[in-house]
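I'd like to ask you about the structure that follows.
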Amino acid sequence: MSMPSEERSLTYSAAILEATDQEMKANSKVVVFGIGVDDFKGTYGTTMKLAEKYGADRCWDTPLSEDAMTGVAIGMAMAGLRPIHVHIRMDFVLLAMNQLINIAAKARYMYGGQVSCPVIIRAVIGRSWGQGAQHSQSLYPLFMHCPGLRVLAPATPYDAKGLLLQSLRQQDPVLFIEHRLLHGQKGPVPEAPYAAPFGKARVIAEGRDLTLVGVSYATVDCLRARALLKKEGIDAEVIDVASLKPLDTRTILDSAAKTGRLLVVDSGWTFCGAGAEILAQASERFQDGKPLKTGRLGFAPVNCPTTQNLERAFYPDAAKIAAASFELVRGERREWPVVETAAEVLNFKGPF
Amino acid sequence: MSMPSEERSLTYSAAILEATDQEMKANSKVVVFGIGVDDFKGTYGTTMKLAEKYGADRCWDTPLSEDAMTGVAIGMAMAGLRPIHVHIRMDFVLLAMNQLINIAAKARYMYGGQVSCPVIIRAVIGRSWGQGAQHSQSLYPLFMHCPGLRVLAPATPYDAKGLLLQSLRQQDPVLFIEHRLLHGQKGPVPEAPYAAPFGKARVIAEGRDLTLVGVSYATVDCLRARALLKKEGIDAEVIDVASLKPLDTRTILDSAAKTGRLLVVDSGWTFCGAGAEILAQASERFQDGKPLKTGRLGFAPVNCPTTQNLERAFYPDAAKIAAASFELVRGERREWPVVETAAEVLNFKGPF
Amino acid sequence: MVSEPELIPRLYRSLYRIRRVEEEVARLYPSDKIKSPVHLSIGQEAVAVGVCDPLRRDDVLFGTYRDHATYLAKGGDLRRMMAELYGKATGCAKGKGGSMHLIDLSVGAMGASAIVGTTIPHAVGYSWSLRYEKKDSIVVSMFGDGAVDEGAFHESLNFAGVKKLPVLFVCENNYYAIHSHHLTRHASDNLCERARTYGMPAERVEQNDVLAIRERVAAAVDSLRRTGKGPHFIECMTYRFKEHVGPNEDYQHGFRPKAEAEPWMKGDPVKTLAEQVPAADRVTIEREVEAQVQDAIDFAEKSPYPDLKELYTDVYAE
Amino acid sequence: MVSEPELIPRLYRSLYRIRRVEEEVARLYPSDKIKSPVHLSIGQEAVAVGVCDPLRRDDVLFGTYRDHATYLAKGGDLRRMMAELYGKATGCAKGKGGSMHLIDLSVGAMGASAIVGTTIPHAVGYSWSLRYEKKDSIVVSMFGDGAVDEGAFHESLNFAGVKKLPVLFVCENNYYAIHSHHLTRHASDNLCERARTYGMPAERVEQNDVLAIRERVAAAVDSLRRTGKGPHFIECMTYRFKEHVGPNEDYQHGFRPKAEAEPWMKGDPVKTLAEQVPAADRVTIEREVEAQVQDAIDFAEKSPYPDLKELYTDVYAE
């Protein structure tokens, strides 16, 4: 990926840990909490040993009280702290919607600009291993819809660190979305602290024939699809959306204007999803001239099943992206043989 | 509106009351509950005197416990009842998201088709009178996004009755959205019970030049805008979307194909909203030939302010719809003088 | 019983001021200048005043949409409150929040919320921060008997009990949530017992009496501030004289009999305390308050509405 | 103490069967044939068995993702359970639910949920319906000590107490929620006191002893069914021998010492009861159970995976 060239490489989870660690060191107002953040698993490694290093006041376990703990985070932020509330599954955030949407997203506005709520909600999208309908949702469009929230979905270790640091240095509530299968992915990460910008999509591979936009983990599959398409002489540009709100539709639509074809791959359902918003903006922008060819992929419009063959059919993957791309470019259907499922999917055995 | 011609006319709230009453009479399994459903205001009249008529077991007040009461409704539905859980404000449903999305929407699927959850969640979108950010949200895209739910937003008394009766006779969880300013609107409503179909958009006024799609109360403003546009020689077709999930994009896109111009007016924010989904589907469908001119209107992308001048600017209205339509049709901007605010807005004094 | 000589006049000033402000709000309401749902505390003022009097300016209070009394008792600016009700740019939330979201950070009157129960965990989180930063301020969380039904109440008290936080929970039990009596929502009249199970002392003040409330709160606040022993719960029994929302009465609707209200009206906390204030002081206080109230109304009337571009500000920080 | 002669063999059969099923699940797990997170009840079986034995088939139980024991104890079909863990079309949820969502409506084993606390209000709502329809079945809601932290617990018990519903709440207190001890999440060890404040009797069974649990549950169920006096709460102290999720132990990670587990292992409910079963009966029971377990595994192994079109069914009714 076209990240700043760096020798140093870290996993995505190590990048999150590093950002947290560095900012906790620099700023005593940063406090991390959530179910299990201080245990021996350390939230998939992302909070490992922070309690030992910074003390039980800086990194602590909570009761199973997602609603109130979100409110507690808001109260802490109102008092000037920098709370990071961690959820091992995005699905649990549904218990915190009232605090997030009725308070965090609105506090600044309804109190006339006097109150900041810079809470960071880290939420992990689950996948694989038969976790089923209640542990596999992404739900980010629910948050994109509501003004007042920032919604980030880094796809690379570089952005995981940079966007988390940036989140800790700005004044708005952030929903910080991690995909469980990204945690083990490696990539270049500079050691010194750095902030990556919100509202900036990343063109991670250039191409002429088609624009592929990936959200979160789908970006990885877009890159794989690009390799498949290359063999057919199709040259795909791949964009990692990275920041869902603000959403950098300018970069995306400029690319689409260049390639004439736009396929958005959500790591979630497509109905009223990120792809819907992007295609709607494309439709509003390209009102004249040659129409843009567009498409969306994402989860099947069903709940996530547990058994493996159905689960595989549920998710978008490189083969499906390649097939949809081929159709947009060549106007005909071509199926890819079921691509060997990606290693991070095959090897995933938990921790849950 | 092109409803079945009928002498009899009812308000929207009376239509909801009538549907509930008729089905409670026909089916002892129908039970209504929610904060204040049995009080002297009777949820804006929609549940008036049902407790007296059918007994305290059929229509009852609840503690302020939106999360558990939604779970209670689900348990009742699993036991074969037909619960209707009423929220005087949509905003409170944010406390019930876990039960609605993690359970009601998934029960059938994750239990392999054995469990039905026909709960009906009636939720009222607030507006006017300085209610502010926490009492003016519509939030329907949050529910449209998730498979397993039905989302209805009747705009007419006819559909309010017909869609509620249909909801009570089918087997899926329904989010039934009412707009507070619709409650007082009158329209034809046959007395005998009837079911209106899900997944069917209603063409309520025909036209050649432009397709206006309204969601919930926005439909009323679309009709007003149509009258304004008529004076300019622009002939708008108006579609009341009525059912958001399933969403009848076929009717909408067929109309758009005819007029070549599509403006969707959400009664809510537009980002990842109903308009986004409709425009995205339009973009996917119209890949060749003359591009469709499209646009979206909805709430300003901010939280709802309380003071009147800002509140007026926050909402879409007939003038704004007319101006956006004019631009789509004529390619140039034309402002309408601020139209006298509609009577139902001006006269609204609560009850809260 | 505290015996500072200025105590009673000071409390009376606060009580009378709140009462008069709300009476004026009720009087103005039909003119439609205040386009915002108002939840009046008329009859309940003793709770806000008794709770806030022992607090320091740097103590913090989180309340509910029924927030006029708490905002004023905590020292919130009256002019900016009135302007907020009028939806003016000079309002305490620039006209964007209205009656239900009054805020004055300079005196620790934190913004209120229209969603029942939501500010309870904010108070808890704020108190966590105060202790973390080794400050000796404390936090008060005020809520109604309806908020007790919500899961947030349970989760918040549980967490505060586990962490032994410097937060005082005050349940303003006026018997009703809108039109619903608290014994139709709770199996028995035992909120203090519930609170105790979370590991905190709990007590109930029956009398709607500002001095009694003040005394208990002062003791609790003192202990919170000094001992670090953790949260405290006080239930104040009180009664709302007006309808749930709006300027009128609601006895005619039959859900609560006027007879139920009468003893409370007889013990009206403002009138009761008035009798204890030396006559001369009382005249001065009332005159000064009247002037302040009129000044605030004038201020609100004369202030401009916000500029239209304000619609788009304050959504995000930059 | 109940004295039917078949009681002890019957309970032993149920305990032993659950234990053996889960041991097989643990044994098979590394083969990756079960691709689903398994939360084993090994060590806790006495609770499920003691609770379910006094229930009728038409009584209904709502449990948690740690549901193998409750599903089997309530009479859920073993073959279909094993097929579900294997993700087969013959599974009790057609392979769409996995280990955390076992269901067998024919015996009142209602579907379980992976979200902590969510089924508590379902049990309450179900019990409302039973009373409304004048049935004499009752509902059991089982949940862990972690679920008690959730707002849903409070809201559900409060409502059940107000409405006096025929529901038995059973808190399976194994001291931990994942790796978090209950006294780090609750200010004191007093869940029964909390339950009582909602207007219901509450009692605690310390021993992880199937007979003691069964006796208290039988009495409670009898009262629920006959008297209409409303809900009942029982806290059963127990201990999980394995890790939170998965087939292994977790003592090496240091968050709970093996020494803490040892008394519980000494009192292993399966082994303890085994000693009370006449030797000949025991041999028969164990032989029969082994055959059933093997049969269920064979059934699961041989069953087909669901057809791909199953992906799209069961989202909506039609």
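Every chain is named by a letter (A, B, C and D) in the order it is written, and numbering of its residues begins at 1.
We take it that a contact is a pair of C-beta atoms (placed from the backbone, for glycine too) under 8 Å apart; a residue touches a chain by one contact, two chains touch by 3 or more.
This one's a predicted model, so the numbers in the text were calculated from it and none came from an experiment.
Between chain C and chain D, the least number of touch steps comes to 1.
Common neighbours of chain A and chain C (chains touching each): B, D. Taking the mean Cα position of each chain as its centre, C sits at the greatest distance from chain A. Centre to centre, using the average C-alpha position, chain A and chain B are separated by 31 Å.
Work out the mean CA point of chain A and of chain D, and you get 36 Å between them.
Chain centres here are Cα averages; for chain B and chain D they lie 42 Å apart.
Each of the following residues of chain B touches two or more other chains: 62-63, 65, 67-68, 91, 95, 98, 102, 109-110, 132-134, 147-148, 301-303, 305. Shared contact sites, meaning residues of chain D that touch two or more other chains, fall at 91, 95-97, 101, 113, 115, 149-152, 155, 158, 162, 184-186, 315.
Chain contacts in this assembly form a complete graph, since each chain touches every other chain.
Within the complex formed with chain C, the residues of chain A that make contact are 31, 57, 62-63, 65, 67-81, 83, 98-99, 102-103, 107-116, 147-148, 150, 170-172. On the chain B side of its complex with chain A, the touching residues are 67, 91, 94-95, 97-98, 101-102, 105-106, 109-110, 132-134, 137, 139, 141-142, 144-148, 245, 269, 271-280, 282-284, 286-296, 301-303, 305. Against chain A, in their complex, chain D makes its touches with residues 32, 35-37, 87-88, 91, 95-101, 113-117, 146-147, 149-151, 177-180, 184-186, 245-246, 253-255, 305-306, 308, 310-312, 315. Partner chain C is touched in their complex by these residues of chain D: 149-155, 158, 161-162, 184-188, 190, 193-194, 197-200. On the chain A side of its complex with chain D, the touching residues are 35-36, 39-41, 61-68, 91-92, 95, 129-135, 300-303, 305-310, 313-314, 349-352.
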